[in-house]
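For reference, chains read A, B, C, D and E in written order, and residue numbers begin at 1 within each chain.
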Amino acid sequence: SNAPVDKGEVDKVDEFIILATTTSTYDSGLLDVLLPVFSQKYGTKVRVISQGTGQALETGKRGDADLLLVHDRASELQLVEEGHFTDRQDVMFNDFIVVGPSADPAGLKGIEKVTDAFTAIAFGGHTFVSRGDDSGTNRKELSLWEKAGIGDFKDWYLSVGQGMGDTLRMAGEKQAYTLTDRATYLSLKNSLDLEIVLEGDSLLFNQYGIMAVNPANHSHVKYESAVKFIDFLMSSEGQELIAFFQIGGEGLFFPGKGVDD
Amino acid sequence: MSLLKGIAEAFSLILTLDPYLTQIVLLSLQVSGLAVFFAALAGVPLGTYLGLKPQERTRFAGKLLYTLMGMPPVVAGLLFYLLFSRMGPFGVLGLLYTPTAMILAQFVLAVPIIAALTMIGIRSRGKDVQETARTLGAGRLLTAWTVVRESRFAISGAIVTGLGRVIAEVGAVMIVGGNIEGHTRVMTTAIVLETGKGNFELAVGLGLVLLIISFVINSLLYSFQGGGKEIA
Amino acid sequence: MPDKDIILEVKNLSKVFDKEVLNIKKLSFRRGKVYGIIGPSGSGKSTFLRLVNLLELPTKGKIYFKGEDISMNGRTDIPARREMTLVFQKPLLFRTSVEENIAYGLKARRFTKEEIKARVETLLEKVGLRDFAGRHAGTLSGGEAQRVALARAVAFEPALLLMDEPTANLDPSNVELIERLIMDLNRNTDMTIVMVTHNIFQARRVAQDVIFLHEGRIVEMGATEKMFTSPQDPRTRAFVDGRMIF
Amino acid sequence: MSLLKGIAEAFSLILTLDPYLTQIVLLSLQVSGLAVFFAALAGVPLGTYLGLKPQERTRFAGKLLYTLMGMPPVVAGLLFYLLFSRMGPFGVLGLLYTPTAMILAQFVLAVPIIAALTMIGIRSRGKDVQETARTLGAGRLLTAWTVVRESRFAISGAIVTGLGRVIAEVGAVMIVGGNIEGHTRVMTTAIVLETGKGNFELAVGLGLVLLIISFVINSLLYSFQGGGKEIA
Amino acid sequence: MPDKDIILEVKNLSKVFDKEVLNIKKLSFRRGKVYGIIGPSGSGKSTFLRLVNLLELPTKGKIYFKGEDISMNGRTDIPARREMTLVFQKPLLFRTSVEENIAYGLKARRFTKEEIKARVETLLEKVGLRDFAGRHAGTLSGGEAQRVALARAVAFEPALLLMDEPTANLDPSNVELIERLIMDLNRNTDMTIVMVTHNIFQARRVAQDVIFLHEGRIVEMGATEKMFTSPQDPRTRAFVDGRMIF
């Protein structure tokens, strides 16, 4: 860490820190497990603002949050490079999946490559709900369309500008396809009328990163507490809590870094 | 982004008729306009009818209207969501996340406002107008028309208040409309989204348009109310 | 078959609000006469006029207009209403021009445009408001408004003209103007005129017959001069004597 | 979830005073209550002052109040966001995403409503009250107090209208509050969130509470307005 | 040093709204007398009372109360106001009890509780509303309200009582009651009473001196009987003659 903590001093305990996070982690319920343990331990509350990754990055850049938990690795690394954020860690990962109606009108269940699946959706004109909120999932989705060579979005493509939970709900209502992170899907599965229609493509890997707002840009941010939170998540205790977090018997996140650069 | 620079850019978006912004504004006007149009068709006769009844005998209806007038938009949104969701009783209609659903929700929000304010307006003078028309030999239809015409300022005020209220609300349209780009994205939901995304020029631009529309609506309202008073 | 000359007759007419406020055994009005209804505040004068014009329904009793029972069945939307009218104490003018106001009853009766124009002009002349046709009714003074209301009421030549204190709160010159109009109507038309008034001088000046109401009942009635010179009922006498201090 | 079952579960959440729900409701009441309290402190004197002036001379102020009264909550939210964000002019105060910011935004929304409705109420009778008090030898202070007391129904109505409006709004509190659990999450933002997450019992429960609060507010309003008329 | 007996005097008093509506060269009122101000509608009667009570500021001219110029500097918040009062034609009663209404001016003058109670009782008795102390003012009839307003005005024994048509639109028995009250006050106190009235009979019954206004100017003034029996100005004569039809 580039901000050494002097163990000799009595640590100042902040009353709270603000964490801007993507709606997918928020809606999954993971934070409900992590935050109480952290607060218990350090006496600092964590106020969570749930936003798309793009919004969260913007909020962080403006200094309206102390740290971020997001999933758009390329952008994160670039913003660290530009000096907006520090202390970035690959905290956990899971994968994206494509979900859709059980009838699977586009026949995705027999397809392995996500780009082929997207092509099938586009050419069949099957309804696809996009988060359209500049979130990590949204950015991933857009990159997949690009890889599939599809740039012409018509009526079948709905950009809804909402969080992951709302987007899944809308896809369920419309009996449409959508790209989601696995965690949010699992946490909402029971109240949804949607099935996984494609998973496992290496393109669907989803890495989450955690990083602090650079105190050099914003002197007011509670940098030390933010680092404590990052250290807590990266500690064996934090990583175990992440690993053991389950819904319906399934793990939602895997600790640490998933794939080598 | 500095506030001033944002406003300047927002103005240029408005003046160049940025297509994304224009389309959202037009959809807003269309949805709220239709909702209020139908709400006026229902609310004005209802309010006129109640306004002509003795106040004692419409105590319950009056209270009910006032309560419904205060219906929080998010609650109306939730209600329509549950009704129109695929699991809900009207799910088969497939109305959720359509402009129709938004119009319905705003219609429900606007009817009590228009009816209640019409009722109050009619009460102040409607009974006398009705009796005067009748002493002069007017039939039912002419009497009703005279009552409405004599309270035109109050009624216009009621309709305009309804329009102002629904065009500015975000709770119901967000829940039942879903903020789908090009389909159900209106000014208010777009402002929330674009503010979140940090597109402040767009957010401010939309905010300015909404503010200008509110300004026009409220100028109208003020002149209806002031006008009503001055011409006595 | 009732007397052809009796335009209005009420029998056992009663109105109960919280209590009974009007109870008239029998009362008839003859064509072409001017009647004054006098009585203390709350004696039921306005209620009587409103019952006759069917703005209220009687609790009991019958109202015959030109021999026909107009109070039957609680129906108030009957043709007879088009032959009578009531001018309120504080008349309401519609928020349009003076001309439109006077034309209202004529339009309701489908008079032709030319006929309407002609009548409006004549009437404005008569009430001394010749150049007022285009004025907005809201801009008139109290006396002007009262005159417009009267013009509006007589425009369609009702057989029965009911007036509720048409000159209360007007200044003497306006009072005179309106009284002259009434006397003119009496002289030149067949109209029956019934006017409620607080002002006993006015009744004496304008009315041929006077009805004295007290607590909803007729205490005394008859030719005006006789009522004033030799009142029979002690209450009438007290009221008529009251004029000494008025 | 069936609608009826949801409502039943919602009732049980309300009746067992579910802590999450309770806490949200209390925060809502606190935020909107404080906002309206301060708005009344500012708006009632302002409205009284304007109401006593001749209408011709307050035409501009009247129009302005009416326009501000129609300020869409999302626009107020956007404005405060830009002001209170760390990059904004008041960023150093660190108010974004705090209840204070929500109170300020709702205060700004409530002041014009309270002032404008007070102004209208005072206009109908205030000038006469003022002159009567003065003919009876009342000084400035007693006169002012008499005017306010005589218009108490109109003023109560104005305050209650303001409360009803802000407690039901979602646009401003969403943008400046951030919907942080336990800190800035109020009824309306919670309803939107829980509807999205499919927690319909909670959404309906909150909706019911909000509806009940609106019902109480509007019953009050109705009796103030009806009361004002009847007691004359 | 002005005459000690002159309580109110105005000099060159003028009020301009859209045009000049009042212009009085000189007019004085003596302690303990009753004055009537008569004149057609719009002649400036109400404006005059409002100027004297400082509800309006004069465009020009001086108003002396007890010899002191009270119209100076445009200041309207001066002690002299506490010694006079004005009763409007349609008095506004506060939305409280009758008692509270009558006590209002007394409280403003910091009378003791006991004194207030005693005065309210006496006054209610005098205006014939003995059991009305606790009644809500909104429930009173027009005549009752007018009497309460008068009681409220005289409760603090102003030196100058201005009244704007105190009996317009009341029925004869109420008119009599109020006129009696005025005459009582005149007999038993030192109060100067100025009343505007449309009703020339009333002026004749109640006032000792009459001022006749026309288009904002004094046309004639003097002892009441003389004005009625031998009016000098042709306009006064026309108006006084007008009573024949009233």
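We take it that contacts are C-beta pairs under 8 Å (C-beta built on N, C-alpha and C of every residue); 3 or more make two chains touch, one makes a residue touch a chain.
What you are looking at is a predicted structure, and each value in this text was computed from that prediction instead of being measured.
*Asks:* If we look at chain B and chain E, which chains touch each of them?
*Replies:* Correct list: C, D.
*Asks:* Comparing centres built from CA atoms, which chain ends up most distant from chain B?
*Replies:* Relative to chain B, the chain with the farthest C-alpha centre is E.
*Asks:* Could you tell me which pair, B-C or A-D, is linked by more C-beta pairs in contact?
*Replies:* Output for the comparison: B-C.
*Asks:* So what's the Cα centroid distance for chain A and chain E, whole Å?
*Replies:* Result: the chain centres lie 82 Å from each other.
*Asks:* Rounded to the nearest whole Å, what is the centre-to-centre distance of chain A and chain B, using the mean of the C-alpha atoms as each centre?
*Replies:* 38
*Asks:* Please tell me the distance, in whole Å, between the geometric centres of chain C and chain D computed from their C-alpha atoms.
*Replies:* Measuring from centre to centre gives 51 Å for this pair.
*Asks:* Based only on mean CA positions, could you tell me how far chain C sits from chain E in angstrom?
*Replies:* 35
*Asks:* Residues of chain A that contact two or more other chains, please.
*Replies:* 62, 162, 166 - these are the residues of chain A that touch more than one other chain.
*Asks:* Can you list every residue of chain E that touches 2 or more other chains, as numbers and ranges?
*Replies:* Chain E, residues with two or more chain partners: not present.
*Asks:* Enumerate the residues of chain B that touch no fewer than two other chains.
*Replies:* Touching at least two other chains: 230.
*Asks:* Got a list of which chains touch which?
*Replies:* Final set of chain pairs in contact is A-B, A-D, B-C, B-D, C-E, D-E.
*Asks:* What does chain E use to touch chain D in their complex?
*Replies:* 53-55, 76-77, 81-82, 85-88, 91-92, 94-95, 104-105, 108-109, 136, 138, 152-153, 156
*Asks:* Would you tell me which residues of chain D are touching chain A in their complex?
*Replies:* Per the touch definition, chain D meets chain A at residues 1, 85-87, 91-92, 94, 96-97, 178-181, 183, 196-198.
*Asks:* Of all residues in chain A, which touch chain D in the complex?
*Replies:* Those in contact with chain D are residues 16, 18, 27, 47-50, 62-64, 162-163, 165-166, 169, 188, 191-192, 218, 220.
*Asks:* How about chain E: which of its residues touch chain C in the complex?
*Replies:* Listed in rising order, the residues of chain E that touch chain C are 40-41, 141-143, 168-169, 171-173, 175-176, 179, 198, 201, 205, 239, 242-243, 245-246.
*Asks:* What residues of chain B sit close enough to touch chain C in their complex?
*Replies:* Contact set of chain B toward chain C: 125, 128-129, 131-140, 142, 146, 149-150, 230-232.
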